[in-house]
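I've put the structures underneath this note.
Consider the two complexes below, in which subunit A is the common component and subunit B and subunit C are the respective partners.
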Partner chain A sequence: MNTTWKDDTVTLARSVNAVRFDAEKARADFPALHQDVHGQRLVYLDSAASTQKPQVVIDTLSEFYSRQYSNVHRGVHHLSQIATDLYEGARSTVRSFLNARHDEEIVFVRGTTEAINLVAQTFGRSEIGPGDEVIVSEMEHHANIVPWQMICQEKGAQLRVIPIDANGDLQLDHFEEMITPRTKIVAVTHVSNALGTVNPVREIIRIAHAYNVPVLLDGAQSSQHLPIDVQELDCDFFTLSGHKIYGPTGIGVLYGKRELLERMPPYQGGGDMILSVTFEKTTYNEIPYKFEAGTPNIAGAIGLAAALKYFRGFDIDALVAHEKELLDYATGRLEDIDALRMIGTARERASSLSFTLCAVHPHDIGTILDKQGIAIRAGHHCAQPVMQKFGIPATARASFAMYNTREDVDRLVEGIKQVLEVFT
Partner chain B sequence: MDDIRDLYQEVILDHNRHPHNFRKMEHPDATLEGFNPLCGDHYTFYLRFDGDRIDEVSFEGSGCAISKASASVMSSVLKGKTRDEADRLFTLFTGIVTGKMDAVEHLDELGKLAAFVGVADYPVRVKCATLPWHTMHGALHGKDESITTE
Partner chain C sequence: MTIAEIQDQIIEEMSAHEDWFDRYEALITLGREFGAPDDSLRRDEYRISGCQSAVWLTAEMRDGRLRLRADSDSQITRGMLALLLRVFDDQPPGKVADAELYFLDAIGLRSNLSPSRANGLGTIVRAIRETARRHTG
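So, the complex of A and B:
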């Protein structure tokens, strides 16, 4: 991860020295995977909803609460200093993980949902006015639709939507003509949670920046599957959810370019986000503290840092190759099932496979697979516009992470055959 | 895997494949939509009365096997029942599948509805089974109100 993607000579050098990802070894680090469900070894294929946690994250949380815990900032005592150092150290770890330029460009939030709401409620509130436009895509998670809808409604602005095609690819030829002088921000997902589509975000950012429009990337489904370099991407905002990248729940990250964050008004008011308060006037703190009112999720941030360090302990290219190989293998095996329809066949995909079975509702698929110890997700995946696009109420979704293996895929395929047997 | 058949009884699979009374009703006396936003199950129920009795029940829409079979069996069972009897079956069915009532004590009364006893062991699927009943119950009582206004 020391180099950019586009460096062909480096890519070549890497492929010569290719490291093979050892999924079995990774599996051993995740205690939750080593249990039986309904009498069978658990096959966990719901990582797009949330990943399991490696022992090192669990231990870090336990150690922090056992021996290092205190509130952060302004404390003069020993434990407060330790907790503050760990919390701010976690910020540096995130900065390094995303290759952001400055620590203060990293804002801790509850997750991607809060990160996007923060941008909509601060950047949006100050920059968006009547008649202005916000561009999202048709494949967004509700978390990247509703916050923009809310601010557009409040301001009398318009939400515009980049359409997707029948494969689940963005129709980018429509994108450039959608940008007008009234466009204030483009907010798109890096990887679709419902379809697995990897979007051409560099192209989107290049086009938007040609018109001086900032771009927010929803990285909830990309940060755990692709190398992320926010400087190389040149995105203006990037979001991630800790619990989807092997970290704890309730912690996430908003990255924003410093000049944008500095320009934005505060999010919530309270302690820590101020420099001085009188009843006449409050002076706000500097970034990132301006956006972190109240006692933060200290343990969450420290646990997230442990997860990111764990993640970076692997060769990222080997990990990406492992997950791609697994997705290709699963795609091939599922496509061999006649009654199965794949939802989302985009050119480039990561992690998630959505499908429907002829005459079997996804919820019934989910229940019967669960009975065989196989955890998948069934529903609209908080992406109802995607379901409407494909004319279906829901899909079954199997999603993969570093700890999944071909054996998991084989169990899924056998499980689906059982579903069909029950229903025929 | 055998115990999955406790949930997906043959009766349920049959009704899912070939639902009874699965059609729109022209000129119903009461109609109501039932929607489960969590999973997207969506049905419309139609009721026609003959005095105090339910003369006809039909429904349309889409959802999982449990909800569709539940709607289908309900529509068959309710035909010819009085409003009070329908209310009693509503209480019985929802009581059984939520585990608040003991199925064994009510087997005779349950009749065909006994196929859904296994749902009680699948807490996340209880709402699938009860959605048609709650919708019917609403339509049944909503109709009372609109009769009063007219």
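So, the complex of A and C:
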């Protein structure tokens, strides 16, 4: 299969010789999708919360625990060497997936939440002082708000917020004016989990870098839907969650430029992150180990590498085109339902589709859809400021992944019609 | 009627609805008939935390019996509150605290009791029982 990883746009104009994505074939790789829920074929539209796992990831974990398992690093025995090779090999796989320059720029963490906390607690602790400023956006997940709020509160710094407009697009007109000599970092999401908005991150990075301000991209919702090239994006930090890109839970990645990671103090203390310890003085290990105290999530990292290899086995342009076509189809069909209000109609969107249904509470929508075997998410999606912006307590959210089909969308539409029927 | 008698009555009524669609329709109708949204009740101090849909609950003692008022912004939750209050309202608090609650199971709403459920019925039941216990002490 030919894989093109250079272009980060979702513009699909260049599909002349495009390979068509075979979603049915991909579906076959995911055992969890082949079951009935409440007597009907499961329609899984909650991939923005977490994706299902392909058989190859399940088999990799099983093989690792069955035959290859041991603790990593420093072990002199056979299994420890195998486990270490697999774990460090996983780091290389992630590096290649993100097109980072160096393996040591890849730090394994529990997920995006921990990745951002790590940056806030280390970069933030050493670089942010009283009166300094951190810029986030109004569409952030709580995981990209609260860690910054905590460090700002501790340091007497200010959190500044890029507003969004009524469509769910960032209002970047005044972004440049928001950057001051006190701005220490810009932390924004690549793709919004609540609205599906794809942000113009190149523009944000270009502007921030003009003032020597580093940029952290929250890639929890982008890494599984867009090609990611951290060198080309030139972001300073990038985060992803393994379980959202077909990998196991409890594993994620913080990418950071080497010079930044080297400058940052350690995160947590413990084993593996040291070179030498006496009661008088501890010398810290090199990056990335400086940030990986204790026995890491070895199986998680190896499972994640299996997921990334699986993902890269597809033609990325074809995959992006498939998901975009599905989102457009779903948008069109949902817009035909009079009682339905779309929340988030940004210029460019990926995967997620949020809506409300006249007076029906989103949880009630979710409950009635569940009874029909359709899995969606209802709630504030850990983005309460977004809900406040749109003046609603919650939305219903359908989100798509590679294994979804038009038939899933049709089932969703029929399901929503049932919801309306049961409520009238 | 006793708490058990009311539960048996609810089970009998709901068993008339054969499939899930009818049952939820009945629940939603109950929610609708549960009364107009009550602004005097929809206040932060009465809100039960832990439910993703908003649920408000108040309790007071009148003539030795527990008097409950409740509301929610979710129609299905309102329907469940209607059933719960039919069972627990106007009962001696000691009975409310100790009663075995089996009708939810019997009418197929048990899944709504699990703590992960958005509607958090379990949280509501706990809140009612705790209130009852406070009034028995």
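A few notes on this one:
Throughout what follows, the second predicted complex is superposed on the first by the 410 of 424 C-alpha atoms of A that agree within 3 Å, B and C clash if a C-alpha of one lies under 4 Å from a C-alpha of the other, contacts with A are read in each partner's own complex, and residues count from 1 in each chain.
Following the convention adopted for this analysis, contacts are C-beta pairs under 8 Å (C-beta built on N, C-alpha and C of every residue); 3 or more make two chains touch, one makes a residue touch a chain.
In this text, all values refer to a predicted model and were calculated from it rather than measured experimentally.
Annotation for the three-chain superposition on subunit A: subunit B and subunit C clash.
Of the two partner chains placed by the overlay, neither subunit B nor subunit C lies in contact with A:111.
By the document's definition of touching, neither partner reaches A:214: not subunit B, not subunit C. In the superposition on chain A, no contact is made by A:242 with either subunit B or subunit C.
Applying the stated contact rule after C-alpha superposition, one finds that A:423 touches each of subunit B and subunit C. Legend: residue contacts after superposition of the two complexes on their common chain; A:250 is shown touching neither subunit B nor subunit C. In the superposition on chain A, A:393 makes contact with both subunit B and subunit C. Where the contact sets of subunit A with subunit B and with subunit C meet, they give residues 359-361, 363-364, 367-368, 371, 378-380, 393-394, 418, 422-423.
Interface residues of subunit A facing subunit C in the complex, by the touch rule stated above, are 38, 359-361, 363-364, 366-368, 371, 378-380, 393-394, 418, 422-423. Touching subunit B in their complex are the following residues of subunit A: 359-364, 367-368, 371-372, 378-380, 387, 393-394, 418, 422-423. Put simply, subunit C touches subunit A in their complex at residues 20-21, 24-25, 28, 52-54, 73-77, 118-119. Taken together, the subunit B residues at the contact with subunit A in this complex read 1, 3-5, 7-8, 13, 17, 38-42, 62-66, 68, 122, 124-125, 128.
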